[in-house]
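When the chains are written out, they are named A, B, C and D in that same order, and each has its own residue count from 1.
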Amino acid sequence: MLKAGIIGSTGYAGAELARLLYQHPEAEVIWCGSRSYVGERYSSIYQNMNQMVDMECEDDNMAELAEKADVIFTATPQGLCASLINEDILSKTKIIDLSADFRLKDVSVYEKWYKLEHKSPQFLPEAVYGLCEINREDIRNTRLLANPGCYTTCSILTLYPLVKEGIIDPGSIIIDAKSGTSGAGRGAKVANLFCEVNESMKAYGVATHRHTPEIEEQLSYACGKEVLLNFTPHLVPMNRGILVTAYGNMTGDYTWEEVHQVYEKYYGKEFFIRLLRQGICAETRWVEGSNFVDIGFTIDPRTKRIIAMGAIDNLIKGAAGQAVQNMNLMFGLPENMGLEQIPMFP
Amino acid sequence: MLKAGIIGSTGYAGAELARLLYQHPEAEVIWCGSRSYVGERYSSIYQNMNQMVDMECEDDNMAELAEKADVIFTATPQGLCASLINEDILSKTKIIDLSADFRLKDVSVYEKWYKLEHKSPQFLPEAVYGLCEINREDIRNTRLLANPGCYTTCSILTLYPLVKEGIIDPGSIIIDAKSGTSGAGRGAKVANLFCEVNESMKAYGVATHRHTPEIEEQLSYACGKEVLLNFTPHLVPMNRGILVTAYGNMTGDYTWEEVHQVYEKYYGKEFFIRLLRQGICAETRWVEGSNFVDIGFTIDPRTKRIIAMGAIDNLIKGAAGQAVQNMNLMFGLPENMGLEQIPMFP
Amino acid sequence: MLKAGIIGSTGYAGAELARLLYQHPEAEVIWCGSRSYVGERYSSIYQNMNQMVDMECEDDNMAELAEKADVIFTATPQGLCASLINEDILSKTKIIDLSADFRLKDVSVYEKWYKLEHKSPQFLPEAVYGLCEINREDIRNTRLLANPGCYTTCSILTLYPLVKEGIIDPGSIIIDAKSGTSGAGRGAKVANLFCEVNESMKAYGVATHRHTPEIEEQLSYACGKEVLLNFTPHLVPMNRGILVTAYGNMTGDYTWEEVHQVYEKYYGKEFFIRLLRQGICAETRWVEGSNFVDIGFTIDPRTKRIIAMGAIDNLIKGAAGQAVQNMNLMFGLPENMGLEQIPMFP
Amino acid sequence: MLKAGIIGSTGYAGAELARLLYQHPEAEVIWCGSRSYVGERYSSIYQNMNQMVDMECEDDNMAELAEKADVIFTATPQGLCASLINEDILSKTKIIDLSADFRLKDVSVYEKWYKLEHKSPQFLPEAVYGLCEINREDIRNTRLLANPGCYTTCSILTLYPLVKEGIIDPGSIIIDAKSGTSGAGRGAKVANLFCEVNESMKAYGVATHRHTPEIEEQLSYACGKEVLLNFTPHLVPMNRGILVTAYGNMTGDYTWEEVHQVYEKYYGKEFFIRLLRQGICAETRWVEGSNFVDIGFTIDPRTKRIIAMGAIDNLIKGAAGQAVQNMNLMFGLPENMGLEQIPMFP
């Protein structure tokens, strides 16, 4: 049994991680860290865990935790993981960081978009970007894993084969994304109150959202040149789910079948990616509660654009599920262990 | 592996049953019956099952199915199961009926409340009412199981110890229940459209809802005399969940601890019943996606009434989960096999 | 034009008051008080008012405001109005208090349920309880109006004729109420975040909610003896609306027509009360955005109980609309002036 | 008083029209047509109108209605209005058609996108496209008004000044739109049931939605050349509201202030268009229940694109409200008469 610790276990992503790990056949949670709730019963904060989880919240003493844990998940605000880790900790345990601290290779890009000083840039070179379907081999061998952002996961997986194979012009990419409200976290803010979110839609972080450089960096690797794109997130009155609608100008007159073959080439054998048949659009309800990514696309022959659409559960494939998938890879377990839940509908 | 067939597999309860059975380690679905979708791929109707379930919908030929299946679930409209079964079928397979056909022992009560002629009253005496926490031993030995209604499950479990032990006057019981909209089924009706249900609350079936006699019959067994009560269901703008708020006049000056002891006596060892600590009210979000029942209560010393509150997921403990729990009992499997999911929040 | 000031204008009730008063043909808002937002443009907080309202938030200097305003509305936390008013203020202006400070005649009951010291009990005798349909004449002549609570308004109006005419036993009353989330206010609390409220139902304040003594006091006046009852509020995942389901034991064998006549006697000529036809249950969607109260009832001949159901928009008839209705009465304007909006659906 | 008739009064747009007209100081509804509900009380179908509207549903005898009505609104399925009108009717009354029958000037475009034969193409030349802020003068003088589509209204108004003034390249336009579910109508379809829509997001009609040519035609007039663009509608789990997020490549290095000036030039004096300050994104909640259009935009200096965002209430500015605005213009009434409601929040 893997001994796992969670720093930041009382946010929505941390709690989802706890839920998945408690149901994982080869993992055991030994530490639920939470600065805000030290000493409180975990199941009194997340009463869904009542009678399943019997544990009190601990602080975020990562040095102590590193002595005990095979793997530490950090589901913490930006900057915290980078400020806590050091060589000693990394020599004793593996880190899966759900924050953005180790996702961007260029520290200046991080500091510009996050407006934070990076406290341990020395580990950036070895950190591996944990998008399993793309970086699988590197993930197996790392001790420091940067778990991708929720929007990023959905955006990159939706576009990757098109960019990699040159089907669309990378300079033309526009990503219009929509997220359920759990993505906004569990902080007590007026903007996230029920009556403020319910019965409304809005864009936010337009042209400035921090997931933008992360998407651009990974797609740049795919096509071998710098990518600049537009990414516009929207807040939707639902709990879970991200839908990405991505637009790109085609570089030739491709047919649906040809483009579908490109997707098949990259994802045909992936357990967690489900390619949709022609005419079917991705819907978040069909992936809710699972680690699946549903991807489909339409070609508009009038404008010669592809409209590609992807859907994930932001708390699972977009956070906790992908972290567990990475853990499985890093410890040589079957990649889908503990992650085979069929999506729950309705 | 148990071979299971589902008649009525494309309603919400049938689909939840399919989802749970596909994830059950000792069961295999061999038949997805659906009159409306014969010949269509099941996963094109419920796309959450895409790449997990590869099967086409079949008709409701129960005689043929009885040859192949160890157990048949009927998640069908009232009257259908009673019209399809016969001694030959029951001699070959076990039936778990999610409709109301075999829940009420008195055929005249059934015919009065359901306004239907009962087509096989001869099987009523042997049918077992499948409320596992109360009828466990009888369930183990039956071949015809009447799976309880969703409101009924939550109402009876919430009140049973109080009625059984005479803590409240059975003549004073008022049950005010609230249900998510999946309880209304997947039929295309204007009243269940998104815009009709969203942002509204209403009672329905006031003083006439068909789950009333079912609750009354079971509570009558508990206290040994006829029970008449008020049961008022309400429709709530959410997908899943039933909340029961039940009121009863206390027969004495009981303390919270004394009443809690009564609940402990009946439910203390039940895996699926979670008794809440003093001051905690049941909330549907903490049981969503699970087979759990959360039960708590408050004593009002001013009016000498108990207000008992219970919460379930109507599609799981209120339908498909309980059916699987019954299957486990009927086939000697561990009662919670395939049903240990931690509730999903948010 | 009446000059109106609002203390506490940036809560949901205060904002609804501003919205209604800006559309009122005979009123003018001259002061939007808000401790939290002093100096900020009102329409930057409530952007629905953009280009309609051009005003900055002020503090809560009631003495200054009393010099300028014909009427002051206080939509403030419990205790504030009582601590701010004095004889000098009341001699210059009229007060309509949306808090509970002047609703209960017995100061000890107030202090027990609200756990606050009452700062101006000397005004309690003259304060008038502003349930227009019941206290119309007294309202016309007061300078200190206690605007009723949202749950209270719906509960009392639903039950009043039955209690007044002795149709039900006042000792048997159980009120099970459900409210949209705007009733919980605009404070930044985790419990009211979108993901915490959405897709869930719960009771709260069971046997201890502060609207209980207010309902009891008013119904006691109606029947001439002390009333103790159960009142259980529930939180519903919707923005607006209160639904009350009230139960009482009938004192005789009344028919639906007889009971309907009793309702007609009291409400037949009321503009804002709509009595529903037999078989129709109140639904909150049909009153949303209006000052209407929809009331219906069912008789259960089996249990000899009446189940009476009422629906209001909690922010209008349950708060701001009723306050405007009271203002109209206090200043001799037509009672429904500025309040004739047809409910908005969907 | 204008005498108004509504054909198709029991859909959501028709009912909203009835609601607005009943509150309009200079209009009177004399006919509520509804094939499905002939002879039923209108207020039994839309109980929000209870005690406000006392009328039974009539059939769609437009010849008879033309004798009595000053104006007829048709809120009917595509093709019906074109099949019912004729010169005789148009000589007696004015028609405001909320369907698409007279929106597209080129009958072949209509027949291609709608897959219907147009039954009265002879009236296309005289029909006026009723986007008041753009075609105001023509609207005043027509007897046949084509009321724009909901998506179209929001899309065109958001982009018009940018296209008209050449700020963006018309060949680069991508419109990603999101709509509440009332836009899907009141038909009883499984896809629009509460549990199917709630907690999910999806695109639909990708590259094929019928509002596409309508947007293209109007923007072509604006820039004087043919426009082809991508328009992708999405279904959102809320009742009302359309949000448009539109992308275009800038034709130069414009500043926010310069672009804002362009918007001011066209909309600065429009009552119903509210231009948002820098950094504010449109949100549907701030326009709900009103005829307002909120428009804002962001410039992305990295990609040299403008992201323009507009929000409307789809049933008001996107349908019934705009129809009333057109009626006001056609009959010489103040343009905002009966339409000054402040948006309702929450």
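Please note the rule applied: a residue touches a chain if its C-beta (ideal position, glycine included) is under 8 Å from a C-beta of that chain, and two chains touch if they have at least 3 such contacts.
Computed from a prediction, not measured in an experiment: that's the story for all the values here.
Visitor: Would you say A-D or C-D is joined by more C-beta pairs in contact?
Guide: Top pair by contacting C-beta pairs is A-D.
Visitor: Using only Cα atoms to place each chain's centre, name the chain farthest from chain C.
Guide: A
Visitor: Measure off the straight-line distance from the CA centroid of chain A to the CA centroid of chain D, and report it in whole Å.
Guide: Their C-alpha centroids are separated by 38 Å.
Visitor: Just curious, how far off is chain C from chain A if you go by their C-alpha centres, in Å?
Guide: 46
Visitor: Counting in whole Å, what is the centre-to-centre distance of chain C and chain D, each centre being its mean C-alpha position?
Guide: 37
Visitor: Chain A: which residues touch two or more other chains?
Guide: If we look for residues of chain A contacting two or more partner chains, we find 12, 182, 195-196, 198-199, 237-240, 283, 285, 288, 346.
Visitor: What part of chain C is in contact with chain A in the complex they form?
Guide: It is residues 12, 181-182, 186, 188-190, 192-199, 237-239 of chain C that touch chain A.
Visitor: Across the complex, what residues on chain A touch chain D?
Guide: The touching residues are 174, 176, 178, 180, 195-196, 198-204, 206-207, 228-230, 232, 234, 236-241, 243, 245, 247, 281-285, 288, 298-300, 302-303, 305, 307, 309, 311, 346.
Visitor: In the complex, go through chain B and note every residue touching chain A.
Guide: Residue list for chain B touching chain A: 12, 15, 19, 22-23, 46-52, 182, 199, 239-240, 274, 280, 283, 285-290, 294, 340-346.
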